[in-house]
Every structure is written in C-alpha cells, then in structure tokens.
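Below are structures written as structure tokens.
You will see two complexes here that share subunit A, one where it goes with subunit B and one where it goes with subunit C.
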Partner chain A sequence: MYRKGRISKKEDLIVGYLFILPDTLGIFFFWILPMLYIIYLSFFRWNLLNEPVFVGLQNYSRLLKDPIWWHSLGITLKYVLMYVPLSFLFSLLLAVNLQKTFKGNKVLRTLFFAPYAISLIVAGALWSYAFQPKFGFINHLLTLLSLLPGGWLSSTKEALGVIVFVSLWKYVGYYMILLIAGLEEIPQEYYESAKIDGASWWHILVRITLPILSPVILFVIVISVIHAFQMFDLVYIMTYGGPARATYITMLYIYEVAFSFYDFGYASTLSIMFFLLILLITLAQFRLGLFKKPS
Partner chain B sequence: MCVILLVSPFLWAGGAKEQKAAQPIQLTLWVYANPDGRWNVFQGFIDEWNKTKPSVQIKMEQIPFDRYMGEVLAAALVGGRGPDLFLLSRGDYRKYVEGGLVYPVDEFLSPQMKADFLPQVLEAVTYKGKIMTYPFEMDPVVLFYNKEMFAKAGLQPPKTWDELYETAVKLTTPQTYGIYLAPAPNAYQNFIFSPFVWMAGADFADPDIKESRFKGPGAEKALDLWRRLAQAKATPTTAIVESLANGLAAMEVAGPWKIGSYRRNFKEFYETKMGIAPLPTPTANDKPITVYGGWGFAINSKSPHIKQAGEFITWIFSDPNRGVRWTTQGRTCLAPQKSIRDTQDHRAFWEDPKHRVFLDVMTTARSEAANPEEINKIIQDAIQKAFAGQGTISEIVAEADLRITEYIRTQRK
Partner chain C sequence: MSGRLFAKIALILLLGILGIITLFPIFWMYSSTFKPYKEIFAYPPTLLPIQFTLGNLYSSLFEHRFLRYMGNSLYVALVVTLVALLLHAMAGYAFARLDFPFRDTLFVMLISTLIIPIYSILIPRYILVNQLGWINTYAGLIIPAIPHGFGIFALRQFLLGLPIELEEAARIDGASRVKIFLLIALPLCKTILVTLGVIFFMVNWDAFIWPLVVAVSDDLKLIQVGLAGFMDLQTPQWHLLIASASLAATPNLIVFLLAQRYVVQGIKTTGLK
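Entry: the complex of A and B
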C-alpha cells in the first residue's frame, strides 16, 4: 500500500498485526487450542472408543500415587543431568577450537554437524547394531584394544549412557554451530587488549568469552534441556524403555498410556504435569540469570 | 417450448440419477504394511473382484505397522473417517470389539461356511455369541533350527525344557546365540512367551479378564527358563532381525510366516539348513501346547456399505485356489477353512516334510490371548526384570500377579 507522506501510527499497527496474524492463528489453532483441550480431557476417563466419563481430579490423584510416573521422571532427570552438561561442554570445546581459522576447520565443522542431518530413527537403528553385545563393532573394537566389552543396551547400568552418547553424537554439532556464530560476534579488540595485558587463555575464556557469549550459552542450555526432556525417538527405536525400564523416560510413558493403553484422560494429565515441570525449569534458568551479558 | 422448459429439470434429474446409479460403491480396506510381498498377492484378489463386480470397487491401503496398531486405525474409526474393512488380530481385538467399532460377520456366513472353519478358530473370534471377524490365517509357533549347526555339534532338536537349555548353551559361541526368543518388550514377546506359560500350567488372565492367572509354580517355571537362557547369554536381550537365517542364532521360536520370508530372502538357508520341530515341553510327560495367531477381516460398524463389505470378505476365500495362493505364496500360514486345507496344493505344501510340523502342532494349538495392553505390559516388565536379574523369580511373578490384580480391580470396573 503506497501513500504519499507518512504512514499513520494506527496504519503501522494494523500492518504489523496483519504480518503476525498467520503465525498467531497457527499458534492458536495448533498449540493453544489443543493445549486447552488436553487440560479439559485430563478431568475425564476416555479410551477413544466410548464416551468420555467425568472423573474430576481422579487422574491427578492417580498420578501422585503412580510409581511408573515417578520412575519415568527419575530416568528422565538422570538423562537430562547427564546430557545437558556434556552437550554444553563438548559443543563449547568444539566451538572455541573450530572457530579459529586453520586449514580444514570448515571440513571439521561439517563433519561434526553432519549427524544432525541424519534422522533420529536411522541413527537409533544404526547405533543399536553398533552396540549389539555379540557382533556390534563397538565391542569388536574394544576387544581388539584388549578392553572389556560392554552389555550396552542389554545392561540396565549402561543402556541410558548409550542413549546419552548417541544423543550427544547427534546434537553436539548443532550446538557447536550456534556457539560459533556467537563467538564470531565478539570483537577481536577485546582479545588483543587482553593479550597485551598478559591474560592467560583461562582468564580470556572466563572473563571475556563466556560472559559475552552468555546469551547464546543460555539459549543453547535452554534448548538442550528442552531437547532432553522431549527425548523419545531414540529410546523408542533403541530400547523401548528397557532393559527392565532402565531407559523408560516420561515421554515414552505418556505415549504408551495414550496409544497402547488408550487411556487418553490420564495421558492428558501426565502431559500437563510434564509440561509444567519443563516450563518451571525453563523459567528458573532465565530467572537465575546466571548468564547475564555484562554491560 | 414451454413444455420443454417445464420438463427439462426432470430430464436433468433423471440423467443425474442415472449418473449416480452408475457410480460404483468404493470400499476401502486398510491393512498393515509389510514389504515381504504378501499384499501383492492380495492385490491380485482385489483386482479379480474389481473386474467382476464393477458396481462395488475395493481399494486397499497399507499403513505402517506400528501406526496401524497404534493410533491411526482407532482414531480413524472413532472419528468416522475409518475404512469400511480392516484387519484385526486376535491379540488386538478386544478394545475394538468392546468399543462397538466392529460389525459382526455372522449374517454373511452361511451354515456351510461356518462348518468349513475349525471350531476353535471361530470360537476365538466370538464375542457375546457373535462372530466378530472373518479369520483367514493360522500361525502356530514352532521351534526353527539350523540343521547344519546341529549336525556339526552332534545334537538333536530338544524335546524338553532342560534339553532346550542345554542345547542352547552348547550352541552359543562368540558369534552365535543358542536360541532367539522374543527379546523386545512388545506384543510379540507376549505372543511367543504364552505357550511356555500355558505348558507350565499357568496363564496371564482368565478370558473375561476378571482375575490374574500369572502366578504360582507354572508362571515361575516359564519365566525361569527364559531367565536362565538370558543369564547364560544363550539368548539375546535386544532385537536382531532374522537372526536364524543370518547364522546369528542356532534356534528361533517363530511361526510359518518365516517360511515365506526365508523362501524369498534366504533361499540357501531355506533349502539346505532350515529345520522345524515342535516346541519342547517342560518335561517328557507334559502335554505340548503352542500358540497360534492370525489376522481376520473386520467390518467397520460405522461403514455405510456393510452389506457389500460382508459380501467381499466371504467372497475372497470362497474359491479355495485363492486360499491356496494366500497360504502358500502370500502370507505362508495355515488355512482355517477345511475347503482350502483339503486342496491338493495346500496339502502338498504343508504336508511337505519341510513344513509338516505346523500341521502336527495345530492339534494342540491355542489361540493367542486377547489381553488388554496393560496386562501385556506387566508381563513384558516381568520378562525384562527376569532378563536383568532384578529380584528372584518368585518375587517377579508375585509382583506381576499383584499388578495385574490391581489393574483389573481399578481399571476394569
């Protein structure tokens, strides 16, 4: 729309709202509305095949006494506490080193990023065979190196670690790229001044790099926490929650309650409680303000 | 001119009615996807029907297996967008039938058709006196083994559980497992585990799901066998595709669908190494029992073309030749209908010494249980705990029994 002279504030506002309208409608119909419906369903017992029956807060009291819910939450938190720090450390290490200009750094960046492009289902299937205790190549390699082979996905102690390993292999490259982008925004003059002042690499990292990079770090940690809580595909393909529920994460429990047991009311309750938990943790990360960019 | 104008709408409507009458009825049949070629054989039957019945056309759609058994079919049926016909296994049958989504097929089966079936096959799909699906295959489970490995070790197929354990341990090497059971925690694991439970004198629950029957020495004995095999590393506890045919296992508990797979993809194994024996019994004095599965055609109770759907499902195997093609080339399974089993080609295939055992074990075969998924999951948990050595067998069985009882008490009222 072209007019001679200035566009009025009102027109500017209308145009702005029109631009965000498609996205807003999408959020409303595909996120808010389904969310409200799930909240509504959580007060019913419904197996999809018969009419929903109102049960009030029964689903919520059932959740509090449900040992499988608490077990799955425990496994999920274990996974998050293993995955998030490791993914951050590895991706930061890679980013700091591959951000430097040297021959082959672009090839290395591509190699580390490549697993992100592979579907989780394919990755899970391939790594399942790699970790097969009898004929997988991981144990074969360990045997060649005179190391003890593992039970891996057959072992209740090792299975979750394998899932963490495959998750790191898949996502570290992606976080690395985000951190590299953040590192490239840091003015080089800061580093030059620090070097002139005789600062060590540790001081440079802790006093310059990390503080300036903090908004990107916060973003990487927030999305890695959300990724971790939402883990489903790898577990579904590699272990289906086994062995003996050693990898039985909450998302898998919600899926089973909904699509194996057809208990949609209870699955809705589990989903809401899980969502609130993730929301609380995400808000806490912002609130704690550990990674405020220095002025 | 006025007469023409006045009459023309009626001519137009008449023409439109004729056009409407000419439109064939389109029925949709949903099946689970399988890449082994079985649905190509079935498509041939559909093409035959479509040629001879232009007024009623059938269209088959394949849905990925996990999604078919998961949310797709149920959501579509409930939402009124489901197919007119779909496949239902005995194991998955309960929730659809109890939910009123399946139209009984009794009215489409003449007395001769009913008499053609093995009585236990129809009984297995009868709910409150009505036959709910049209069964078209039987998959009794047996013990497949690698004849070459057995010959090298100087062993015979085991007849008892002790022999099974010893044979499996002897045949376990760094490259092969002694036996492949069903390691992944899913419905197939329950299916393969069930004959062991039954032979030991136990069960999962009663047919009406009013009480737990997974208790006592019977359940403990069955679970203990699986546990000992896992602890001896004679059986894998994670899934492996086609372990027997790939030489990664010496034995496998499986059904006749393997014949089709081996003939297509592992010809050398099928021709020279494949051996089949009945499942071993707990002791030499125990009665052999196996489980048989198999799918049936179900009519969507909300379909507007129930009559045509009924006509189609009774037509498919009305010609025994189609039945022979399905049971020997498509699915490789036994036919539940006598008219198909008695044909020369069906007999020639299944009475062949390579396949004969399937016929023999059918005399003591029981239909797979139609348990709710919650009970299946409790049994899977028990097996997983046994594999992982979490608690004694008595403790694991007692916990499973308690959980099944609790589930029935709180969720099945």
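Entry: the complex of A and C
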C-alpha cells in the first residue's frame, strides 16, 4: 500500500505520531496513570493538606473490619439484585413486542426510549417531587385507585425500591433499543419455517429468539449490572443514603470517605476492592455465558 | 382471524397507554414549572397550571444563577465535543491509514482503557488535577473529559470500512497526508462524527460526579450540580427545583428529538461492537 518510497514513509511516521499524540497523552495522563496511582495511594494515609503517611496494608485490614463498608455492599447488592432482573424482563418484553412492524411502532419506541435523554439528576429531582408523600402525584393516584399511599423516600423499607423504579424508568428504553437491534439481525426465514411447523409463540421465543439473541442478552445484562453497581447520581439527589442508611450504597460511601472525610488513601482502597468485585462478577458472567449458544 | 386482529389492537393500545404513562412525569415536570408556589403543594395536584406563571423560571434563571450554570454547561459540553471529535478523528485516521512503528500496540493500549470505569479512578484523577492546579478551573472541567478510547475506536473502524481509492488517487496527485485527512477523510466521516458528537454532547451535559468534585466555586458550577444543590437543603424549594429541572432537561430533550436516529445509531455502535 505504501509503495511511494522513503519520503512517504517518513511522512506517515511524522504525521502518524503527531496525530495520535494529543489523545495518547490524554489517555495516559487521565486513564492509565490514575489506575496505577490509585494502587500507590491505597498504601497511604493522606488528606491532601499534610504529607502522605505510608501505612502499609493498614487500609486493607481496616476495610475488612469496617461495618459501614459491609453494610454499603449489602445495600448495593440488594439494589443490583432488584434492578438487573427487572430491567431485563421489562426491556425484553418491550423489545419483543415493538420489534414487530406495525403502524406506529417507531413512535412507541420513542415514547419508551425518551427518558434516556433525561439525566439521572433531573430524573431524581422530578421523581422526588412525584413521590412526595403529601403532595406528590403518586400517592394521589394510589388514593384514587383506593390503594394505600406510601411514605416512599422517607421510609426505610421503600426508599431503595423507589430508586430501583426510577433507574428502570431511565434505562429500560435503552436496553430495549439494544435488544431490538439484536432481534432485527435474526433472519425472518427462521420464524417463517417455525410458523409452518406450527410452533407456538412460547416455543418460538424459547427455541429461536432467546438462543440466537444470547450474545446481545449477555451484553445487556453485563451493562445493566455495571450500571447498577455504579449508581451514584440518583442516590445522591434522592436520599443521600438515607433514611437511616437504608440506601447507603458503596459509591456514596467511597465519595464521602474521599470528599467529606478527606481520607484519600482509604477511599482509594475502597475503590480498588469495589472495582475488583465488579470485575470478578463481570468475568463470571462471561464465563457462565448465561445462555447456551444456538446449536 | 378477527380474534388475532383484536389481540393485536389490544396489545398496541396497551403499549400506547404504557408509553404515555412513561412520559407523564416529563409532562408533569413542565406543567409544574409554570405553577405558582401555592399550586405546587396543592392536594389534589392539578394537571395543568390553573394560574400560569413564569416566576419560577425567572427566579431560577436570574436569582439562583441557573442562566450562569446553563452557560457553563453549554460551554464545557460544546468545547469537549468539538475538541474530542477533532482529536479522535486525527488518532482514528492515523491508526486506520498511516503506517508507523508500534501502531497496533499503541492502539490496543489506548483501547484497553475502555474497561476502566470512571468511578474507579475518580480519586487519583482528582489528586492529579489538583496537583496541576486545575481545581476550580474550566481546564479541570474540560481537559480530563476529552481523552477517551471509544471515539478513537469508532472512527478507526469507520475509516477501515471506507474505500481507500479516493485517498490513493489524491496521494498520486501529490497531496500531503494532512491535506488528505482534512479535505477527503474528514468529510467522508460525517455520519460517524455527527453520531459521536450527539453522544458526546448529551453525556457532557449530563455529567455530574466529576463536575461535582472538581468545580466547587459557584461561578463554575455546571447545570446538574446546580440542580442537585437545591436538594441539599433541609426543605427543598420545590417550585424552583422543578423549574430548574425543566431547564436542565430541555437541551438534551431537543437534541434527542432532532437527532434520535443518531442516538440510536450511537447506542448500536457502542453496544454491539
């Protein structure tokens, strides 16, 4: 391809390095270096004002005995276990029904997808208002339907559920778009021949759609697990971990240790352990494959 | 047959109702924006404002500095988007079309950073930016938000999928690499550039945790951080909170409605590669 001799090769070399230089420097400085730096930080106690103090593995042993860390992990897992199955179920139901071509299916997709354009902070603000026990529309609707109104964000039992609900509202449309993209790749002949054989819709779903879709399904579940573990904005704006630490997720704990208690060494240790946990779970998901490949 | 048709119509109706319910909170937010203070707390709540007011918006924009926050967010999001597009296009072009030592090794190295989640490096990045003296500056808000492996990857893949003949012809005519990049390759990348641009803008307009820690001074607050500020109070001022939420939501909703095709395209390239 480069048969113009030495001059063009030299030009390629110079232009090539110049073109990748800004991004390479940026990625090194803002992604790779922090990744290495955080490991170093985790062996120190440092509030950014005084000199950093080397403490060896103290931060790590502190973490093992830290009840708030374990509490926050428990809340995070609870949130993940509620969010991931529900987000998958709803997005699959919507995708399967909206993938079909009928008049208005594009409009319907847009309706479900639109909340994705709303930031988590805005979503948190407007749903906090809607869930206000005294004047929010949720309790008003429940009363109209003769159901019991809830305390929602002020209730230790309900607050985490409200946050799961709002996350679903924001992200289900996004997963739906991914699943529809996967469904559109399935050749129509598969469905036609299955219909000729007289297969029921359940049979088609379990025997054709899900197996062929399995790589996309795996991807959607992995993404939703990552979304769930990283949730910060909604908790920050809707409950700030309350009431009585009922929504005190790990991300908020790490944030507070760093930016409220200025304990950057310990916060780094927490970050590393949390990252390793998510990495392990993600790898396990790929390993399990979740669904079998189509035969 | 008519039973099936009926079932189909029932399903579409059900989906339609669900879709409208999904959008209802957004409608509610805009409706409440124009309600006077008293009506915000009315029970039962009113669907549309009985008494229409622009007071909440006015107070949010001018008395609570949301005009400033919106300006900050617009500035940061636009600069990040435009600079990122140019730098990623340059890098993507070099990785796709130019031949230089360690090209593929460097590419793999840059792309492998995609597995690093931003939250896990928040603290060291904050300390590095602090050492640069960029806390409470636009530089601290803008520069760390630019480098990212995804844009480079997407542009390289896009260029690899384009026929090379046009560029080869220009090459034979003696055009330089830089000229070919600017005059031939860049215009051909229009679709992917628009797609990435839409995504970058929306992501940066919505950015929260980084602006929260890096820009503490009120002059530099971005819109999402400013909005969250209303909730910090013991008793939130709901009328201002809702009006400000509308302001924070509107630009991305407009972008979304105008460029939905590109948003979907962007999600598919992020997702299914």
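The criterion applied here is as follows: the second predicted complex is superposed on the first by the 264 of 295 C-alpha atoms of A that agree within 3 Å, B and C clash if a C-alpha of one lies under 4 Å from a C-alpha of the other, contacts with A are read in each partner's own complex, and residues count from 1 in each chain.
Definition applied: a contact is a pair of C-beta atoms (placed from the backbone, for glycine too) under 8 Å apart; a residue touches a chain by one contact, two chains touch by 3 or more.
A quick note: this is a predicted structure, and the numbers were derived from the prediction, not measured.
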Practice item. Applying the touch criterion given at the start, work out whether A:Pro211 contacts subunit B, subunit C, both or neither, answering first, second, both or neither. Key: neither
Check your understanding: Looking at the overlay, what does A:Met35 touch: subunit B (first), subunit C (second), both, or neither?
Key -> second
Review point. Touch check for A:Asn50: first (subunit B), second (subunit C), both, or neither?
Key: first
Check your understanding: What's your read, subunit B or subunit C touching more residues of subunit A?
Key -> C
Practice item. Give one of first, second, both or neither to describe whether A:Phe259 is in contact with subunit B, with subunit C, with both, or with none. Key: both
Review point. Should A:Phe135 be classified as contacting the first partner (subunit B), the second (subunit C), both, or neither?
Key: both
Check your understanding: Looking at the overlay, does A:Pro149 come into contact with subunit B only (first), subunit C only (second), both, or neither?
Key -> neither
Point to revise | Which superposed partner A:Gly161 touches (first subunit B, second subunit C, both, neither) | key: neither
**Study point:** Interface residues of subunit A shared between complexes with subunit B and subunit C
**Key:** 48, 128, 132, 134-135, 258-259
Practice item. Name, in rising order, each residue of subunit A that touches subunit C in their complex. Key: 1-2, 4, 8-9, 11-13, 15-17, 19-20, 22-27, 29-35, 37-38, 41, 48, 94, 97-98, 102, 104, 108, 110-122, 124-130, 132, 134-137, 140, 169, 173-174, 177-178, 181-182, 216, 219, 223, 226, 230, 232-233, 236-238, 251, 254-255, 258-259, 264, 267-268, 271-272, 274-275, 278
Study note, to complete from the structure: Note: in the complex, subunit C contacts subunit A through residues 8, 11-12, 15-16, 18-20, 22-23, 25-26, 28-29, 32, 40-45, 87-88, 90-91, 93-95, 98-101, 103, 106, 109-110, 113, 116-117, 119-128, 130, 143-144, 146-149, 152, 164, 171, 176-178, 181, 202, 205-206, 208-209, 213, 224, 227-228, 230-231, 236, 238, 241-242, 244-245, 248-249, 252-253, 255-256, 260, 263-264, 267-268, 271-272
Revision key, fill the gap. Listed in rising order, the residues of subunit B that touch subunit A in the complex are 70-71, 74-75, 78, 95-96, 98-101, 174-177, 184-186, 236-240, 248, 372-374, 377, 381, 384-385, 387-388, 390, 411
Practice item. Mind listing the subunit A positions that touch subunit B in their complex? Key: 47-50, 128, 132-135, 153-154, 156, 239-246, 256, 258-263
